[in-house]
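In the two assemblies presented below, subunit A is common to both, partnered first by subunit B and then by subunit C.
Right after this comes the complex of A and B.
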């Protein structure tokens, strides 16, 4: 039993949960009310608006119980790999092994938001010399020290090279504190020279064959590391099966994104879509369950689209969102201001594109790793954003700067210029701290201006090239 | 002859010279910055100065930018679209402990060679490269040998001039030992032309830089070439001398930096470290606290912003040296 789709508060979810249970809703073992997460410290939930479907409830519960899953995995004798920075590549390899669970400690960057700074992670990072000049991912350091948010992994693997300086520096600080890290190099993706063999990558970028070969060698090195770590071989057959499973997740997400971003009425709020997309990078520590969670979400969305039901006003402005927000509440705010998300580039579009299955698995993974939007030029990233903006019919682009992030200092300018010149639609750049309450009125004003401008442009029927 | 300009120590000047081009590891001007369209918050002042410098060039020069840090990598992208000078982006791997990383660096030098040939240079024979390497190696040895007879500033300026012009000007060297203040190490990223004043500030406060660990200084001199390997095949030896041994904070892991610093600190009796970093330079910023925890000698964190305030730096240096005296 689901009500008409809408966004509801935590308080409304309390009553709604009872109704759903009485109506026979069946939940996985990690199910339960959203309220219990608040009681465990996830205070930000009190201020968010949630989708009212049981599928969304399952999604939220799946996300917010990851720590339990990791601890259960350890108790069950599984080995835990902390994969860092590459956002999507190494977990595909790790989950191809039977006794390994992989997760991103990077994900700790949302903890200060979700727990409304009650956890003290930034304070610990400060004490280690990693202050607010760094991206909020510095919370990861505190999470390692306290061990209160995830178990310390048995193995840490981190990509370095063409990455943001913040993360690289923070990971090095972690290493300096005595946490061993296996580093692997991801080179800056460049345009192939005219006399070089060119390889097309998932997502539409291209790279020289020599760079793909280099990354493949690096991943081969990691394969050996993982084999020794797990004590079992990681052969091509297992890797291919792992890629197929990862692709199943990606196909579900692709359909979910296509339906949600292009439906006449928005069938699923931005926040739930953000979380769903995040599942692609490491499957929230349970690949099989990720698939089930996404299937249920997709069923819900399909049903809503068929029934012509949505969670937002019909005239909501279609916005393409660039970079993840440090404060989840801002996704709600965009919708409150009359916007809806129609396209995203949350720094991991390479984790959403299908991995080629017609290639040797390591070659396919190397191509995927090099398709990371962050390892190439900002112009490349801008081109992808423009293409996807056009594909999903977005009317405006919103670039959300991450405080302190090295790439945000200049890439926003390049992306904004590309969008303006190629698509001739409004672009807004905002900066969102982990808790944005103090600047919420300012953010609201800027978002409303973007929405109003976009609506005005509808009158002039501005058609992108 | 076309000049090839760069700021990274991982661009071997011999490689450029051997192609018949003029290498110049330039000193940027801190005060000559470019106003990147808003918002410019978060852009490292050195990267901004690099962009300003690149924009001032004509096609008489060529730029070699590198990937050691995200900001400079992205600065290169901005320049590639705006500067009149042709630009080559050299991918310097961050990792260094694997053969694949070394091979990538070598392949990048080969790509740089092709770029220089397109500029009008000529790929050197083994003999030509060997000759150039021996010449530069001898100049570096001469400069290293003069360390004890030059003031901290003069020594660092001599290194910088060598990088810029390929000449060893040691005219300021004295036969008599120099008066010594509290022996200090200066550590951090690159200096700009104006920033050599820091050596004077340190001396005025009663200290002396006996180890220039900035990117501009002796830390980034490649090791001396091994003669046997040089004569067997100069190119791999060139690559190894640069990529294999220059310690830096951006490398992963950056244990080489600490290993080097430990040895030099002990050898030179260093009693304090001044870590000078640009605002928004995450790479060096993240090392400050670790350095403080690691170093037996006290560490002063000296940040440099867009509007460099000398009086503030002087005051902090005075307090620091005063504490050590």
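Right after this comes the complex of A and C.
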């Protein structure tokens, strides 16, 4: 039994949960109320608005119980690999192995927000010399030290090179603290010279064959590391099966994105869509369950679209959102101000594209890794954002900066200029810290202005040259 | 028909009472902002009504704008200052294509289309260094009235370079400059140039002329010149620049009434 789709508070969820249970809602073992996560310290949930479907409840519960899953995996004798600064390649390889669970320590990024700074992770990072001049992902350092948010992995793999300077610095600090890391290198993707062999990559990019070969060799090295770690060979057959499973997740997500972003009425709030997208990059420590969670969500969304039901006003302004937001509450705020998300680029778009299945698996993974928006130029990223903005029919682009995050400082301007000149729609840049309460009125003004501007522009076609 | 706009800004409250049929301002007023946004706005609104010989019941619609707009209970609705300043400036300078507004708490750059509709905007949200508050702080440090800061700057021989992007550090820098014997005139000119440079950075690489400067800071002598130098093009100041937000709000109120009537 689901009510008419809408966004509800935590308090409303308490009563709604009881109703759903009485109506026979079946839950997975990690099910339960959202309230219990608040009791465990996830204080931010008190201020958020959530989708009211049981599918969304399952999504949240799945996300917020990852730590339990990791600890259970360890107790069950499974090996844990932390795949850092890698959004979609090494997790695919790791999940192709039996008895291995991969997770994403970078996800600690959101802990200060979700726990409203009560966990003290930034303080620990500060004391290690990684202060607010760095990206909030520095919270990960604190999480390693306290061991309170995830078990320390048996193996750590981290990309370096063209991915992210902040992260490299933070991971090197971690390494220096005595956490061994297997590094692999990814070069800055460049346009092939005319005399170079050109390889097409997923997402519409291209790279010289020599770069693809280099990355493939790096991944081959990781294959050996993973084989030794798991004690079993990681052959092409297993890898291909792993790629097929990852693609299943990506296909589900692609359909969810297409339906949600293009529906006449918005069938799923921005926050739940953000979490669904996050699942695709690291599977929340259980790939099979990720597929089930996404399937249920997709069923819910399909049903809503067919029934022409939505969670927001019909005239909500269609906004394309760039970069993940440090404070989850701001996703709610955009909707409160009259916007809806129609398209996203959270810096891991390559983890949403399907991995080619018609190529040898290591070649396919190498191409996928090189399609990472972070390893290409900001202009490449902007081009994809413009193409997707057009595809989803967004009326405005919102670029959310992350304080201290090095990629934001320069890319935002390049993306904004590309959108202005190619699409001629409003662009807004905002900066969102992990807890944005004190600047909420300021953020609200900007978001409301974006909505007002976009609505006014619906009435006029006159945008100057 | 009477409509009103109330701009509850961070430093001042402005009220405009408009004869909506003639699109004529019949009274306006300005007062310092304080802690009790609602009562201060109400008091000023009543003063303006009294001066115009009107009664509250005679005002068909009130739109509030500005940073404290949601606290103005007398308003029928709220609209952001971006939309209101654009509307106010377009009414006064119909060919304006770019509006620079520097208020007490933030600065904005609005790009308009030929209908006066905002099609893009940018706001300084990083710190106070591009705002009126920064000028107030500097005036206090240099021990001059805010209005005299421009006169001081006009006498500068060699504007000081203020490199800090943050108001707090800039203040430290100013103390250092004073201590090292840099003249108050050069510091005042340097500060104006640094605020203008901050605004110019919001403009990006293409800016459509004509550029109109509005907001409380536009009344400070020397700021327009500093802005012209930073933007590399002529800048005109909107008539009664402090009032354009409230004017825009009143105009939007009248437009909303007209739309209601036509439905």
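Annotations
Note that in this section the second predicted complex is superposed on the first by the 460 of 465 C-alpha atoms of A that agree within 3 Å, B and C clash if a C-alpha of one lies under 4 Å from a C-alpha of the other, contacts with A are read in each partner's own complex, and residues count from 1 in each chain.
Criterion: contacts are C-beta pairs under 8 Å (C-beta built on N, C-alpha and C of every residue); 3 or more make two chains touch, one makes a residue touch a chain.
From a predicted model like this one, the values you see are computed outputs, not experimental measurements.
In the superposed model, A:190 lies in contact with subunit B only, and not with subunit C.
Using the contact criterion defined above for the overlaid structures, shared-chain residue A:237 touches neither subunit B nor subunit C, since it reaches no partner. Of the two partner chains placed around the shared chain by superposition, subunit C is the only one that A:460 touches, whereas subunit B remains out of contact. With both complexes superposed, B is the one of subunit B and subunit C in contact with more subunit A residues. Contact with both subunit B and subunit C is seen for A:413 once the two complexes are overlaid on the shared chain.
Once chain A of one complex is fitted onto chain A of the other, the partner contacts of A:428 are limited to subunit C, with no touch recorded for subunit B.
Once chain A of one complex is fitted onto chain A of the other, the partner contacts of A:29 are absent, as it touches neither subunit B nor subunit C.
In the superposed model, A:393 lies in contact with neither subunit B nor subunit C.
Across the two superposed structures, the residue set of subunit A contacted by subunit B and also by subunit C is 413, 429, 431.
Taken in their complex, subunit A has these residues touching subunit B: 128-130, 133-134, 158, 160-166, 168-173, 175-176, 181, 183-185, 187-188, 190, 193, 210, 214, 217-218, 221, 377-379, 401, 404-414, 429, 431. Every residue of subunit A that touches subunit C in the complex is listed here, in rising order: 413, 416-417, 420, 424, 426-431, 439, 441-442, 445-446, 448-449, 452-453, 456-457, 459-460, 462-464.
Looking at the complex, you find that subunit C touches subunit A at residues 67, 70, 79-83, 97, 106, 111, 113-115, 117-123, 125-126, 204-205, 208.
By the touch rule above, subunit B contacts subunit A in their complex via residues 36-37, 39-44, 67, 69-71, 73-75, 77-78, 81, 89, 91, 93-95, 97-98, 100-101, 103-104, 107, 111, 114, 250, 252-254, 279-283, 285-290, 292, 294.
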